[in-house]
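Each structure below is given as structure tokens.
Okay, so chain A shows up in both of these, paired with chain B first and chain C after.
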Partner chain A sequence: MPRVELKGVTVRYGRKIALDNIDIKIKSGDYAIVAGPTGAGKTTLLKAICGLVPLVKGRIIVNGEDITEVPPEKRGIGYLPQGYALFPHLDVWGNVTFGPTSRGWDKSDVEVIARRILNMVGLIERADAYPHELSGGMAQRVALGRAIASGADLILLDEPLSALDVMLRMILRYEIKKMAKALNLTVIHVTHDQEEAMSIGDRIFLLRKGRVLEEGSPEELFKSPENPFTAYFIGESNFFIGYADNGVVRIDDLELRSTSRLRGEVLVAIRTRRVKIFMGKGETLNSIRARVEEIRFFGKVTKLLLNVNGLRIISEMPTLKIRGLKQGEIVFISIDPMDVLLYELETLEEYPEIKEVIMNS
Partner chain B sequence: MNLLIRDGEYLAVIGPSGCGKSTLLKIISGILEPDEGDVLVDGKSILGKPPEERNIGFIFQDLALFPHMNGFENAGYGLKVRGLSEKEAYQRILEFAKEFGFDIGFNKLPDEMSSGEQQQVALLRAIAYGAKILLLDEPLSAIDRKVSEEAREKLRKIVKSKDLTAIHVTHNQEEAMAVADRIAVMRKGRFIQVGTPEELYYQPNTPFVMTFVGDASFLVGRTERGRVVVRGGYEIGSSNLPEGELLVVGIRPENVIFGKGIPGKIRLKSYLGALVRYEIELANGDVIIAITEEEFEEKEVKVWFSDYKLFRYPEEGLSEAISPG
Partner chain C sequence: MDIGPIEELSSNRILRTAWYSIVVGFFLLFVLIPPIYLFAYLAGSFDKLPLVLNNPEIVKDMKSAMSLSYAIAATVTLIDLIAALPMAWILLKKEFRLKRFLDTLLDLPMALPTSALGFSVAMFWLKVANLRSAFWAVVALHVAMSYPYMLRTLIASLKAVKSQYEIAARTLGAHPFTVARTVTLPIAKPGIIAGCILCFAKSLSETGGTAVTLSIIGVLERTGPVLIKTWKSITEQTEVFILAGGILSAILIISSLVALYSFKVLASRWKIPIKRIWPWEKRISRKPFTSIRDFFSVFFSIFVVLIPSIFIALFPLWLKVEGLPSGLFSAIWNSVLIASITTVINLITGVPLSILIARSRSSVITSILDALVNIPLIVPTTALGFSISLFWSRGVALGLSDLTVISLAHISFTQPLLVRNVIASLEQLDPSLEDTARTLGANPLETFRKITFPLISPGIVAGTILSFTRSLGETGATISVVPIAHTAPVYIVELVSKRAYSVAGISCIILLLISGILLYALKRTGRGS
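Then we have the complex of A and B:
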């Protein structure tokens, strides 16, 4: 039995459809990510589950129980909205322990959990500070701690890390995930950050214009996205227009083998991390000659702009494997036919974002 | 603070919130006067010159577009202040927009524009009148990750094609690496290290720089008979630091090799897209991060390190020394 189920959920703001017939199921104990660009309906989805926006139609079922008509305060859901607010008259400790205390938890249990959570967000030493004494980033961390410690076992988090410095964001995202698993929480976490989505989601629901375009594990969405927008939004891809026939796709003068059976004019997507460069090994089977036009160092990975017969392809490689490579050098690249993803060309009309990538390359 | 920025250089200034990054830009632009010291452009002091005479373009974190002016009026503001007619100013703006490949609804007011359009208008306003120096204060932090990744590529191209000298403040190290020729790392009002992305990554001068530019895990150890020995008695390699001294070993996640060495347990496995991140609790209780292309199903592993950096143990303690703020 899924922990959370949405059946045909539709929400309108005036004439605008914010959520369009959403069907999703989230398993108990899963860390679910709702990802997508601004305006996709991510926040509305959380509000619908909490009961903060009226549904035009659809049902919301939690633990097998239909809660569509249950008032928000009786749903027993922990919610961290984007514009969170702390109780100004309570100190950090009071804020974090408020939920479980008011739910009548045992005092010693409340203390153990509050300590653990304040340690996680790095504010155990500020437990007696009041909200007005904290920086914005600290207040955000307290609000996050309060949501996780709310005593509810279904937690909704709306961009819980976006107000924080990147470094803190990177540390905290893994801490939240571990904490959620340790406390056996079911979490629905909204983010526009695809890297955050991939790195901590057990399952990702990709939203665009009020619809779920695709759902899957991070690995599934990375390796075999069924929708080209997924290839665009989750991870990074090269996009081309090509002509496919008999398992071979032709892009200008370049021919690539593909496992896709699509034929005719197609939209081609190739993950930048799946364009592999071989140094100093010379030509191997299926390898393609390329000239390195630009090298951009990002620490553990390096991004390379390659010129393949006039076609510009971006490759992202672990830096250790290409150290010493210079601009202007000739290298050999290979792309697994599994990684040459083909889509109907008409889909391009739905996604101007992808069109722009093709035009800019 | 002393720093020389070369003509045509793209410098990124990174550091945690409150380290003084924005104050630095305010001083260069003339919004703030320094208590001591001087600011020179092309060898001449600009102290005392009002901001509008410094010929420096500024893009603010919140963009600060004039809400009652449309795209044209905002972008052409600097040109009109300098005496161009409305027609000439708009002509110039359109030429720039075309050159940069911008697609802006110029007749819209700022709150009718997308965040990307607002960004582009702010950039035009900052440079269209001929500024040779461009200051950017967290210009991409308010927009979606995907959009900002595309915008930063464009930003670098424009700065380079117009031969501008740019100083770009951000808390995001990846953004800094994407745009900059050199990066200055700031902390608590000081420059800790200035260098190319590669220099900072391969020769960090402190544990802080090592963790702020790229990821790193740290172990505490000592030099014993010329070898680095970490907690639990594990020997991990040779040391060039004095015998017996407490030291910090910084390890990049890609330098963690699986197969032999210190036993540990995988506590968290995360997919990063063709790369996998492992959080490993070592038998001595320390935690390290590994990132590799290989996939492991087993929970018990052994790890060693193909490379590491050694630092003297910091006086303020390790956790304070690497604290993001």
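Then we have the complex of A and C:
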């Protein structure tokens, strides 16, 4: 089980900086998620680790060994690009034996390895099928098997689930993780899907514009994001501009208590899931009267658009808990001071995405 | 890890750079330096130029040949465009019986040596319409020869227009003709421009068939390339005629480049007017008009392109067969030999050149190379051949054999065909396939052998057949090196000029069969991909 360390990794495409001084440490056996919006440099990060793009500066260290100058074929890192890149002119067997053969292993060994791997991924019966004859799930298993067969125990996955439909995506993401854990693999999995990131990541690295904004376990990033962009990208949040003083933040006419010590003009983020609704008058701190303006049904959860003293707040509740609630009804909401997250207002300039959310609410 | 010494070398940066430099050097030396040498030669003989320019007969010939060449090329391009556009539409969007058959047959003139094509087309118009005008006879030949190129280019560019745009326009209330005019054609415009440039260049460059046509019609008028051929065949090669040929070649090279690049710039700027919708558009979008249009396009493709091209197969009906042509088989042998040498060298140098261009698009040097590769496709092959022959006989007096110099001339204009095809298939190749192969343990050379090569091989095969066929059928570049070279296309030109029509006819039929087989092979590989 390898550990991976990136020190000041910088990659440039022409004048454009794709990766900007990336410092990352991944523990051996971890299932690491690299999340971020389109164009954040996620794919470039994977390519840099397996040696497919040259670094302008920085070092890549795997298992304490500096591999920065090692060509890709000698790194032994498994890479599954988007769409898996199964070789279309080779059948499943040809794909899986490609690595061992290229590494010049003994012919009988290659056979044994390929059989073992195909048995493991449950595709020994389809050994003579061509990639275009495989379903999305099978193609994924072949690609993973192919990488493992070449001797890799560090696997890089680039949006492995994006080509599948929603139902399959949910099932297969746990499947990959289970397989990775069973085989003692270290995995770096790239995704732009925050739900995917939170549900399977041991650790999440949030990438934006070639920089790591924040890293942590899914719980840490959800509960106490240090960066407003994390609050925006991982889990849904309400955003406001307010004025904080002495543990109280004022947004228009609304006053909320916060555990943050920040003062002055601030950017306020409140998780939609942490805006609790009571049908009767609540007793907790920050309990406020609100009118239900719109009810958006999402199956298991329901999103409520609330009008609180003229301010619009979105709350996400389990559908079962708010049965019978109608549009126009008066409810009470409560927000734990722990969940009223405050950030310096200047940070807003860096994140036009958040500005747009504020303007549209 | 056990890696062979060669594969180890392939990862070596210096060696790879050296190899690419050789390939690029070869391209420059064999394709670009000769024309530059031609200009240097003319500049060097500056004091002797009046010898040519003060000769009223030569100047008159040059002027009339140039104006004839350009008038023909412009007319041919216009006719091709008007006739091929609706035909491309029909072949792309309509289903009818014999469509596939017609589709394949219309490629035949591309595979046929133009001198055989010229013989066939000229005979057709002479017998059927008693056509005696040099201008129209050559136009008829060039249309038959270039129509398939226009058709293929138009079909490819119309295919690239997503049908959603057309459907959206229809649902917004436009009639089919209006949709074509305001949506499809503007989007497909770059392809249409490319088709026009291709046809114009083809017509300007054509030598063998034109010479055959002019001698059958029995007129003294000559196009630019034919005039070079005439001067080159004058037995006592005095300095005057070499200079005259050089000047005419230089003028053809410069004027064709200037004409086609300025056409490209102007046509790209020109916007198809789409603001107004005329009331008659609705009417001509409907039935009798669409049927008339379809009928005329198919009629044109059959009676102006297809039948004249294969008319020669009927020649035993009106000419007595006077035995087999004795010199034909050795001529075919020579042609095949030259085409083979040309194609092998094209493969060895062209594939690496394609990889270099396709893989490093961002670099300045490769984008210049990319543009340079197109030049031999635009410049008349006779002028190119003249400059190559001049360069190798006078510039580098190595005493190369005629066969070698002819092969060099053929490489110059066939290599781009291979390179274009290979680049196109490289661009379709998903780069992540090669990336993954590397991470699985294959070094660059192994990756090429096991992944890249098998996946681009349809493109390589298509480019190979194309360059082989073009070399096999070429007249202009051959006779501008050696006027009486014994190759199959030149053999036909010679036979026709000696009025040995019967022998020429049989030779044409044999070449027609060979071309048919090559075309079939090309289609098969095309379908395979």
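Following the convention adopted for this analysis, the second predicted complex is superposed on the first by the 293 of 361 C-alpha atoms of A that agree within 3 Å, B and C clash if a C-alpha of one lies under 4 Å from a C-alpha of the other, contacts with A are read in each partner's own complex, and residues count from 1 in each chain.
Going forward, a residue touches a chain if its C-beta (ideal position, glycine included) is under 8 Å from a C-beta of that chain, and two chains touch if they have at least 3 such contacts.
Quick caveat: nothing in here was measured; it's all calculated off a predicted structure.
Engineer: With both complexes superposed on chain A, which partner does A:Gly235 reach: first (chain B), second (chain C), both or neither?
Structural biologist: first
Engineer: Applying the document's definition of touch, where does A:Asp193 land relative to chain B and chain C: first, second, both, or neither?
Structural biologist: first
Engineer: Go through the superposed model and pick first if A:Gly99 touches only chain B, second if only chain C, both, or neither.
Structural biologist: In the superposed model, A:Gly99 contacts chain C only, not chain B.
Engineer: Who wins on chain A residues touched, chain B or chain C?
Structural biologist: When the residues of chain A touched by each partner are counted, B comes out ahead.
Engineer: May I ask you to decide whether A:Arg273 touches chain B, chain C, both, or neither, giving the answer as first, second, both or neither?
Structural biologist: Only chain B is touched by A:Arg273; chain C is not.
Engineer: What is the contact status of A:Ser108 with respect to chain B (first) and chain C (second): first, second, both, or neither?
Structural biologist: Neither: A:Ser108 stays clear of chain B and chain C.
Engineer: So, does A:Arg296 touch the first partner chain B, the second partner chain C, both, or neither?
Structural biologist: A:Arg296 contacts chain B only, not chain C.
Engineer: In the complex of these two chains, what residues of chain B are touching chain A?
Structural biologist: Residues of chain B touching chain A: 16-18, 101, 115, 144-147, 149-150, 171-174, 177-178, 197-198, 201, 211-215, 252-254, 267-268, 270-275, 277, 279, 291, 293, 324-325.
Engineer: Using the touch definition up top, name the residues of chain A that touch chain C in the complex.
Structural biologist: By the definition above, chain A touches chain C via 14, 47, 50-52, 71-83, 85, 87-89, 98-100, 102-104, 146-147, 150-152.
Engineer: Report the residues of chain C in contact with chain A in the complex, numbered from low to high.
Structural biologist: Of all residues in chain C, those touching chain A are 1-3, 11, 362, 430, 432-433, 435-443, 446, 450-451, 454-455.
Engineer: If we count contacts the way the header does, which residues on chain A are in touch with chain B in the complex?
Structural biologist: By the definition above, chain A touches chain B via 37-38, 135, 137, 165-168, 170-171, 174, 177-178, 192-195, 198-200, 217-219, 222, 232-236, 271, 273-274, 296-301, 318-320, 353, 357, 360.
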